[in-house]
Amino acid sequence: GEFPAPVEEAPVPGVTDDEVVLGTHTSLTGPVAVYSQIALAINAYFEYVNETKGGVNGRTIKFLIEDDGYSPPKTVDLVRKLVEEDRIFALVNGFGTPTHLQVVDYLQENGVPDLFVATGATEWVKDPEARPMVFGSIPNYVGEGIILGQHIAETYPGLKLGLMSQNDDFGADGMTGIRRGVGDALDIVGEETHEVLDVDLASQVDRLHAAGVDVIAIWATPQHFATAVKHARLNLNWDVPFVLSLVSANELTVLLAGPEVIEGTVSLGYLKSAFEIDDPDVAKHHKLVQDYMGGENGNTLTLYGQYIGELVEESLRRAGRDLTREGLIEAAESITDFWCSICLGPVNTSPTDHDPVQGGFLVRAEGGRWVRFGDLVTYEGVLPGDMMVEDLTR
Amino acid sequence: MDLFLQQLIGGIASGSMFAILALGIVLIYRSTGTLNFAQGQMAMFSMFVAWSAMSTGMGFWPAVLLTLLSALAMGALVEWLIVRRVEGTSDLNSLIVAMGLFLIFDGLALYIWGPLPKSFGPFSFFSGGASCVGGVCIGRLNLGILVVSIVTTVLLYLLFQCTRFGLALRATALNRLASRLVGIPVGRMLSTGWGLGTAVGAIAGILAAQSLGLDIRTMFFVVLFALAAAVLGGLDSPVGAVVGGLIIGVVKNLAGTYTPSSVGSIDLAVAFAVIVLVLMVRPNGIFGRPVRMRV
Amino acid sequence: MLTLKDIHVSYGQAPALHGVSLEVPEGHIVTLLGANGSGKSTTIHAVAGLLPIQSGSIDFEGREIAGLSTEAIVRLGICATLEGRQLFGEMTVLENLRLGAYTQGEGKGFDEQLERVLTYFPALSERLELSSYLLSGGEQQMLAIGRALMARPRLLLMDEPSLGLAPLLAQEMFAGIMSLSKAEGISVLLAEQAADLAVGISGYGYVLEVGKVVLGDTARNLLDNEEVRSAYLGH
Amino acid sequence: MFLVAFPFLHEWPFFRLFLGEYRTFNATMFAVWLLVLLGMNLLTGYSGQVSFGHAALVLASAYLTAVLSQQYGFPLWGAIGLSGAATAIVGWVTIGIPAVRLRGPYLAIATFGLMLAFPQILKLNVLTQWTQGALGIRGGVVEPPGFLGDVLDGREWMYYVAMSMAVVMTVLFLNLTRSRTGRAFVALRDSEVGAEQMGVDVPKYKALAFGVSSLYAGIGGGLFFAVQGFVSPDSLGLIDSIFFLVAIVIGGLGSVLGSIVGALFLTFQSEAISALAGFVPGANNLRNVFYGASLIAVIVLFPKGIAGFFQRPLWPKLRGWNLGRLWSSRS
Amino acid sequence: MSLLTVEELSIQFGGILALDGVGFSVDEAEIVSIIGPNGAGKTTVFNCLTRVYDPMKGSIRFRGRDLLKMRPHQVVANGVARTFQNLELFSSMSVLDNLLVGQHSKIRYSALDAVFRLPRQMREEREARRRAEDTLELMELTEVRDMPVHALPYDAKKRVEIARALVSRPKLALLDEPAGGLTHEQVDSIARIVRGIRDELGVAVLLVEHRMGLVMDISDRVCVLDFGRKIADGTPTEVRRDPAVIQTYLGAPHVDA
């Protein structure tokens, strides 16, 4: 520029003596507005931290939530606004793969920490050297697929497997994992994909039915999974077992499909469930939701929100009083053996591992709840590109 | 062969879902000339109304009745309060208003009922297992949807074609000034058209809640197919709406079944290619009246 | 039967009628004469309730009808045919006629009335199932008039009814209007450009100039008035 | 003048108050949207054809630009030009010509089918070699060439490129609409038979309108990729297509001013709704209600679009400076 | 040889035989009228000539060319221009622009000339504007040249129709009820204009009209249709006396005449 800019007062964007500003993009409106619960729960957790602990390292957290309505060009507008106009210190838990893909490189190039993106796309975690700013948050889809595939291989050896997946990276990553996990224990006799805008998955289920499938691995949203399982059970009288991505192993699915219909469906869990009210941490979560989010009880989504909140809190804490973006990244990639209050396993990160939670317990739908069984399974420290069944540990 | 038949029946089943929503679209288009993009979200709203009614312990049929009546009132009110402000300015303006309504109903439902799905117990009437012949099955619910949409079509056809009231509804959509000149209460007709269309949408919503679940986004994508169905059949033909819906359902299923997986998924593309091809031959839909030029 | 007192109408800011007063006696035919833009159509629109009037009164059989909706006015027995015909283009001729009888219901009287209208305009009876926009210009005009008659009006407002009609048909139509008015006591308010025929069948006539009545007299006197003849009757 | 100085304004003490750097990006996207909406307006506002598939054209061109520049080593600007031309031809031949027989909602829904099916096509296995499937294609920051690199950063450079492209294309647009061709578009919108009988080859011109419109969508799409540095099958969808249409109707059909207002609308809508929701604390769930209500309010208040409102001879005193004559489709 | 020769023209719509073997001709600089009852097929003749309709059989030759081989938009380029009974103006455009569209086939510059404002475009636009201005003056429309057409009074719209047809300098103008809905004075001015077209521009005119005063006054020849068939043909005086014409069309001796 031609005109000398006045000296910056705050050399680190979004950080003042007593406040740090974070932001996110999410869907407060639009087809996936239900996930707005996550950002609101994160915000509730930050408010709780501000009130009860005076923030982190003497700074309160301010959390700016922008609504992109799940439209990528809007995400770009809003994230740029957050970074350039509102001067956030870091972006936290950006929601949605297509939306976040549109900004991930922008954040990378501008050195803005891009913490704990709200999807399990391997894109975020597969190459931390190329994209040091971005971190995942849930077990990545390939890893999750391997664990569930392994379960299928052990439970249904020699039978016929059918695959159903959303026709995008979510589905593709999941199926990659499932194949690796299953190995040659089962024959894959049918592969079906569907689009986000498909109304129901009946036709796909019909085809797998005709192919004589014995078990189905499915990577779909709660709405889509509900139509698939209802069609199999109610219209085809077909009680084929489903193995489901953790993305849909939650209360939404129970509400949409009905508890009897999904009975026996197997998936993965890495956080405690909202129905475990006897667990003091879950009880505390419900209280937090009531106090800071207003009204109702917590659910899977708010629990996940709290998990993110705790992770961010931990990262900020580790980054210390002298906050810089580089410092935050260093802190976020040096978390070892951190147990968030509602986690079922430890969080570990490193400069080569931006995938905080790598594993969990198998869960099964029983009476409308997802009940854990078996041991903790992890693939700790392995990058999704190279991961194989051998990397799993129990 | 079984697979083919099953896909055919499955196509008819999901097609009847598109069809019944398309009927409401046709009804509103034919009686007011507006292409109602908000049809899906309004149906979703009615579906939540039904849920609320039932969650107060109301029985199924009373709740359905209440929902239909409230949908009728809601549609009429929307027309009277909002749509009428732009009536006669331009088709595109009513499209904007429909988009506005889409957003308003979406937002209102979110505000009133929150973002979480609701569970809607099965209706005794449509629940129960599938009926199978050989290896080919159709669910009770799907059968129910198909029957309801056919009955609705017949009723609408009779309404439009055989009653004086239906004639007046159509007249209003074609020419407001002329309608006033022959003594038709134009305002009331427009409100009634919207009311009826919304009520048909409510039927679609209640049925959809059964098969697709009760959620803000349940109708989000159904309406896209319903619009396509209405256009494919001919926007002013109730029969066309049903035929259009069924064609889309069946073509999509068959395309999905018979595309080699090495190519990838292409069912949507094929379904819409078929729509375009049909429109090339019949530019006003299968059952639409051809418009000829006269100077 | 119909009395207009000092009515004022404007389109937005632009005044179109300033103080039109006229009278249509029961069972009579009254013609409005005037150049293009003098306000004939506007007067008819105002009576039919299609335009709001700023001031003045419109009295129909002792009842103030200014401010009533067009539907209500039609129900009182006032029907209008307008310039541009205003047909339901995509509907058939028969459907148009059925709609004409909208206020009458479709009971027994309907068939009778239909038959009568078709005897005035036999060309229509062969085209009952044709979409009305496919009719020739004059046929459309016949349909517009026929549709108005289907409502069994007691006062008929006609804006340029002879527009596009062949000479013989125009004569027949005016003769028909006259006999209709005689036989059933229908009153008629006519606006015409080419008004010789119209004045010929009328009892009274008014001359409009830029939104004002400048002359009102019996048809006979108008026909005798040299100025009127040369300006509006083409002699 | 203003346009030239824009990226630096935020460094002025006075403008600092309300113009962040972010506004440079806003202005760049505005230029991209303006290009797209000019094309849309030519199609809908001038030639009277409604398309819900425009975002698919923008997306197609963005992809083409991405593939040409990232995989075949074309220089970015060449890739944009080539994609624009290719999109124009595609729009002309594969959409415009079949669309000739379709009208109103039938055309709208046929094109909307294109929009729904297009992402699926981009994800086809047989195409992933070029399209990279669902994960899309990355671009990266475009640096200004040569000595310009000393005075401008990438963002400012993009602003100048996009804005000058938009300005040039706007001028060309005005030239076209005020010519024989532009008049033929409007004529066939007003009366197809009338136009045909006056010697306008109606099918040809209807298809041509699609072609020219696609050219603008194509250039806009190429720039979209350059500005955003990324494109995926979900980057633009049906909702965007519909909102392109909403934008020109609200802006004003049949005028350049309408497209400009429409582009402003697209650029600032999310921010505006955010701000609107901010007025009512805790009303996040009502955002869409605000949004819908404002759309309706605008169209009720300005049934001819906002530009149409300014084109009325509102202020007779300003006749000499009549915006309407300057911008409207009538030359 | 005559300018226009129509032979054996027939067309059917559904069950209605709208034209049934109609034939007639128009010579250079001649005014020929077609009259007949409503629905006789007059407008249909125009529509066949300008290729809006496809006749079932018959031939239409204009200056030695076969009009039936042309596409609708090519007709005007060959020198036949028309007006419409129910006005088909470009209502949102100004009067001047309507006249410029009227010259669409006369202006030859390409879209590229237009986009870059090349000299050819500038020159042709200038010429086109001049022709438009001339025609506007002839039709007494100069004052309203910049008004959007929808805002014009009815009689002015009628004149714009005629002007738009004439501005392309056709050899033959087809005028469909140009005097419909006009006052007597305006009808007189239409008569003046039509004669002017013929005498000053050398344009032949084929006229469809119900205002007998006008028809009888200016036509060189009159052709009478009834139910799609030609029932009479001749000079105005002959036709006026023809009993068949009187019976089906004119009726009692006409006051208008």
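So that you can tell them apart, the chains are marked A, B, C, D and E in the order they are listed, and the count of residues begins at 1 in each.
Quick note on the criterion: contacts are C-beta pairs under 8 Å (C-beta built on N, C-alpha and C of every residue); 3 or more make two chains touch, one makes a residue touch a chain.
Since this is a predicted model, take the numbers as computed values, not measurements.
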Both-way neighbours, i.e. chains that touch subunit E and touch subunit C: B
Chain located farthest away, centre of subunit D as origin (C-alpha): C
Most widely separated chain from subunit B, with each centre as the mean of CA atoms: E
CA centroid of subunit A to CA centroid of subunit D, Å: 35
Where subunit B and subunit E are represented by their mean Cα positions, the distance between them in whole Å: 48
Distance between chain centroids, defined by C-alpha means - subunit A, subunit E (Å): 73
Distance from the mean Cα position of subunit D to that of subunit B, given in whole angstrom: 31
Sequence positions of subunit C contacting 2 or more other chains: 134
Subunit B: positions in contact with at least two other chains: 106-107, 110, 114-115, 224, 261, 264-265, 268, 291, 293, 295
Shared interface positions of subunit A, touching two or more other chains: 29, 36, 167, 195, 197
Listing of all chain pairs that touch each other, if any do: A-B, A-D, B-C, B-D, B-E, C-E, D-E
Interface residues, subunit C side, partner subunit E - complex: 35-37, 83, 123, 126-127, 130, 134-139, 141-142, 160, 163-172, 193-194, 196-197, 200, 231-234
In the complex with subunit E, residue positions of subunit B that touch it: 293, 295
Residues of subunit E that touch subunit B when the two form their complex: 43, 47, 52, 84-86, 88
Residues on subunit A engaged by subunit B in the complex (per definition of touch): 29, 31-37, 167, 191-200, 202-204, 206-207, 209-210, 222-223, 226-227, 230-231, 234-237, 251-252, 254-258, 296, 299
Residue ranges of subunit B in contact with subunit D within the complex: 29, 35, 37, 82, 85-86, 89-93, 95-97, 99-108, 110-111, 114-115, 224, 227-228, 231, 235, 261-269, 271-273, 275-276, 279-280, 283-285, 291, 293, 295
